[in-house]
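Dropping a structure here in structure tokens format, bear with me for questions.
Chain lettering (A, B, C and D) follows the sequence in which the chains are written, and residue indices restart at 1 in each chain.
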């Protein structure tokens, strides 16, 4: 199977779906890799916009309600807070408010996450805000394979689907195996990225790599770590996460978001409110997240904020103690 | 231009339908039969009807919190509208939306909106869809004078101009945003001058005289269908009632002159006078139309009242489309 | 002590603080009760704005960074999603990004919550979004007494403080005792609204009333319920909540927000990650929240979504079972 | 108007300081000594200096992602700026902000901003504060041609006009928003025409000629201090380098003409020529100024390099003010 990067996997999904369905088109704040689609599909299906996120994110809603399947790419999520009303009050609620009269097939994709010394505004992980907002599906793929399969599912879904592509993963030159053909990964199904028996680590997006690195290191010390990647945060695969925790009896949740009301908070609450899983817990669930601070610029401070392998290892040792 | 008599009479009937629907909705609200909130369109009927008479059923509009008039003018069914206001399963939105969120995608009515200015980007997207479909369809965006101060007004008109979209931006300038006069909130006298900022024509038109509204819109729609791009139309109109109905029906907080000026500009009486002049309207025909409309709205209310309420757990349905 | 309404208590705080400090002034989307301040303080200190939340919320930041202490009132929080960039990327981060050079004393107040058949856009409880956003303090007072004391603290605080006033509480004609003079309630201190021994109910804002009603009803059946009102969600009084749970061994968390990533999720995670409290738990923590749906218009459906006394009683019975 | 020679020479020195600071910052970025991102202001020096020469130290400005020029022109210390770019504790923001978030409240520089258009509301608030303080202070808001399409441009200019605030909106029209030409994203040729929408004067000025910038701004500042309200100034300028520096220093993606046109419009060479004509500048003086500036920036780099890095846990400080 050919090996490609995360970004190439996303572009493959776009090319294949745009060939498959002429109603699929792009609205973006800046072209970037999307420029590669113009030769085949033309500028009318790859539309660059003036800097006005509220207008073009809202336009994607109007186009979706008029029979098209827009993919809207503001670039970084941080740019799109200027369009937050269109996301919160329109995109997330419009299907429901109107009693399900019309479908709104929209893919809203943006980059999130830190690690590039881009400072507070450009290093955010605001996915928990979107989890609390009913009406949107939310996907955060951690590998090229997941990115392509989930992107295709998102494009074919008849609802607004938010996909946050971590900015480190999206820029990464690392490649891995991705089928050339068209395949889908169902939205709402978690993936066990590594089997283990002593402790469950639930890791989101870029944090999956840190969790796997920690698992490798600990295995040499006889500790068997199971790494579960939810892949989809809304809807979340509660069953898969709970049964892993029921098996291991211990859980560490790794999320780059600021800890308060993080996705990790939801995973923890979802685990402990289930009586069977609660009974199976041998130690308190442990969250590994960013502290409640805007992400700082200087690399030393930024690295302190973003969870890494060592934070995961330390947390695992604590829940095993 | 000569207009067919039945078309003129149909316009009149629609204006009366809007007036009657809102008069009765207001009554039902204060009788406690309609929950939530109702924003009456009474006094502004000429705008919705004059504009929408130019539209095909597959043209699309977006509306505001004051949306009943636009919805009726675009061809929606008053029974399903009233049922929605009553919060019944037979309503347009199965009782999930209410007055501020009525929509009828079947007739190209893409929804009222509780957020001021939020319809502008959505209408821009509907116009983009029309342009891509290539059937000379158009989109119309209704919004108020207050909305013209929101950022979405600016970004949407700029985007529509850059893409030369088939859209008509219709500003209903009734002089007020709740209790704030346009003379305070607006830094200019006419919203229409703002077309200059996007290189699109801006036109100020009397919104009381329905044929003038029709004419101005006709040219804007022609331009849009011909691929000549967006137009900004500003209709000066009058809101007769309080911003929104409130329990206990307190007095409209606007100064006396503002409250009085409404009824002094009655688009329906004005249009009746014209039609009579042209020999198209007679006292008996007028009486007949008003009666028929009254009956149809009465029927809508009865339909609403006799319709079932949703079940509590229906709240869980319709979050996502299949 | 005189008895006044929630809204009157908030207005008392405004009047007293505006007399005390001439730098305090109002920027609002609509006057409402604030009109009562104009005779004494004039229109230059009670400023109505055109409908442009992004401009005037941002203006409050600029004014705060220039030596004033603005209180900005868009009305309903739902209106202010149009200003979300100014809140997320500016207000919450500006003090930190600039290395603490300048204080930004801002009170951002808006109404939230449902219960008035105002439909999805006008019935939201988005406070969890703000909890995940580092850099803002967040207060949700449940009584006139708390509203006045916490508002005064918020006005005197040198940071952006978000206060969400539940729209039912703000419109309520119910009165209760509030000292006429000037007093403060420290930000970050929870209040035990009712002592009990069998189960802890953590309830937020309007939900406190439902929790107290449930406690009354159950006491007649010999069940002793302790009701803890965090009052401040950021920073949260973890100690007070944990020690109550350590005492009772059982906890129900009542929050009007949609359940996923709700404030209740954070409270649950915060409780279970503390080893002592985790050990003390006799049954799984239970969340009572709105389901993950936009709030519907028709009263029957809306009431189904918003937690009430009966939901609380049922949850308490479950954790006691 | 006659200007004092030392004032003219000071303006020249500031322009050279901006050019030199950014030239060296770009070098340090590509040498790997500056993390994150740097947006060079090279080629636009006349705007920041021509504008800020009209300001008192207690007047306030807001800046953009391309903020080094504004910061220096308002009187900030290049040592503390460079230390911030290097991410050191001695920097203006203790290493928390970096290039996109430099601020110096001590000289009325309320901050660069990573969000396009976000400075407009903040500057409007600074102008409100100035109006309420009543000391004839003013606020200046710098923003780009691309930013003029954001909603905040509209809502902020309207609000500033409604309140007649002492503010000057300075659009730096360099013809590009990253790789999107203003001719595409802007629906009008000149941003200045948009003043019409808010009943405020809009003026187009050559942004290469610093004295013209100074003159136009002088009138706008006079109006503001006199309580006559906001002005919108548009300066046509040229961005010499890529939108932002990137690792590996890839080629500027803009077409050849765009890349070439920059250096053909050099505000510093132009000003030097004028000063020489007026007999205020000699080759030796010019050489001396450039040398002194070069030394001061070298000193700033040494200061930055010899300054301590923050401790990891310093990240936890400064979230809230005491």
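Going forward, a residue touches a chain if its C-beta (ideal position, glycine included) is under 8 Å from a C-beta of that chain, and two chains touch if they have at least 3 such contacts.
Just so you know, these numbers come straight off a predicted model, no measurement behind them.
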item: Each chain counted as touching subunit C and subunit D at once; value: A, B
item: Distance-maximising chain from subunit B - centres being C-alpha averages; value: D
item: Centre-to-centre distance between subunit D and subunit B (centres being mean Cα positions), rounded to whole Å; value: 46
item: Cα-centroid distance, subunit B relative to subunit C, in whole angstrom; value: 37
item: Interchain centroid distance [CA atoms averaged], subunit A/subunit C, Å; value: 29
item: Where subunit D touches two or more other chains, by residue; value: 93, 95-97, 101, 113-115, 149-152, 154-155, 158, 162, 184-186, 319
item: Residues of subunit A touching at least two other chains; value: 49-50, 52, 54-55, 78, 81-82, 85, 89, 96-97, 119-121, 134-135, 291-294, 296
item: Chain-level touch network, classified as line, ring, star, complete or other; value: complete
item: Subunit B-touching residues of subunit C, taken from the complex the two chains share; value: 30-31, 48-52, 54-55, 78-79, 81-82, 116-122, 291-294, 296-305
item: Interfacial residue positions of subunit B with respect to subunit C in the complex; value: 35-37, 87-88, 93, 95-98, 100-101, 113-117, 146-147, 149-152, 177-180, 184-186, 309-316, 319
item: Residue ranges of subunit C touching subunit A (in the complex, touch as defined); value: 54, 78, 81-82, 84-85, 88-89, 92-93, 96-97, 119-121, 126, 128-129, 131-135, 234, 236, 257-258, 260-266, 268-270, 272-275, 278, 283-287, 291-294, 296-297
item: In the complex with subunit C, residue positions of subunit D that touch it; value: 60, 62, 91-97, 101, 103-105, 110-111, 113-115, 118, 120-130, 132-133, 139, 151-152, 154-156, 158-159, 162-163, 317-322
item: Complex contacts: residues of subunit C adjacent to subunit D; value: 25, 44, 47, 49-50, 52, 54-68, 70, 82, 85-86, 89-90, 94-104, 134-135, 137, 158-159
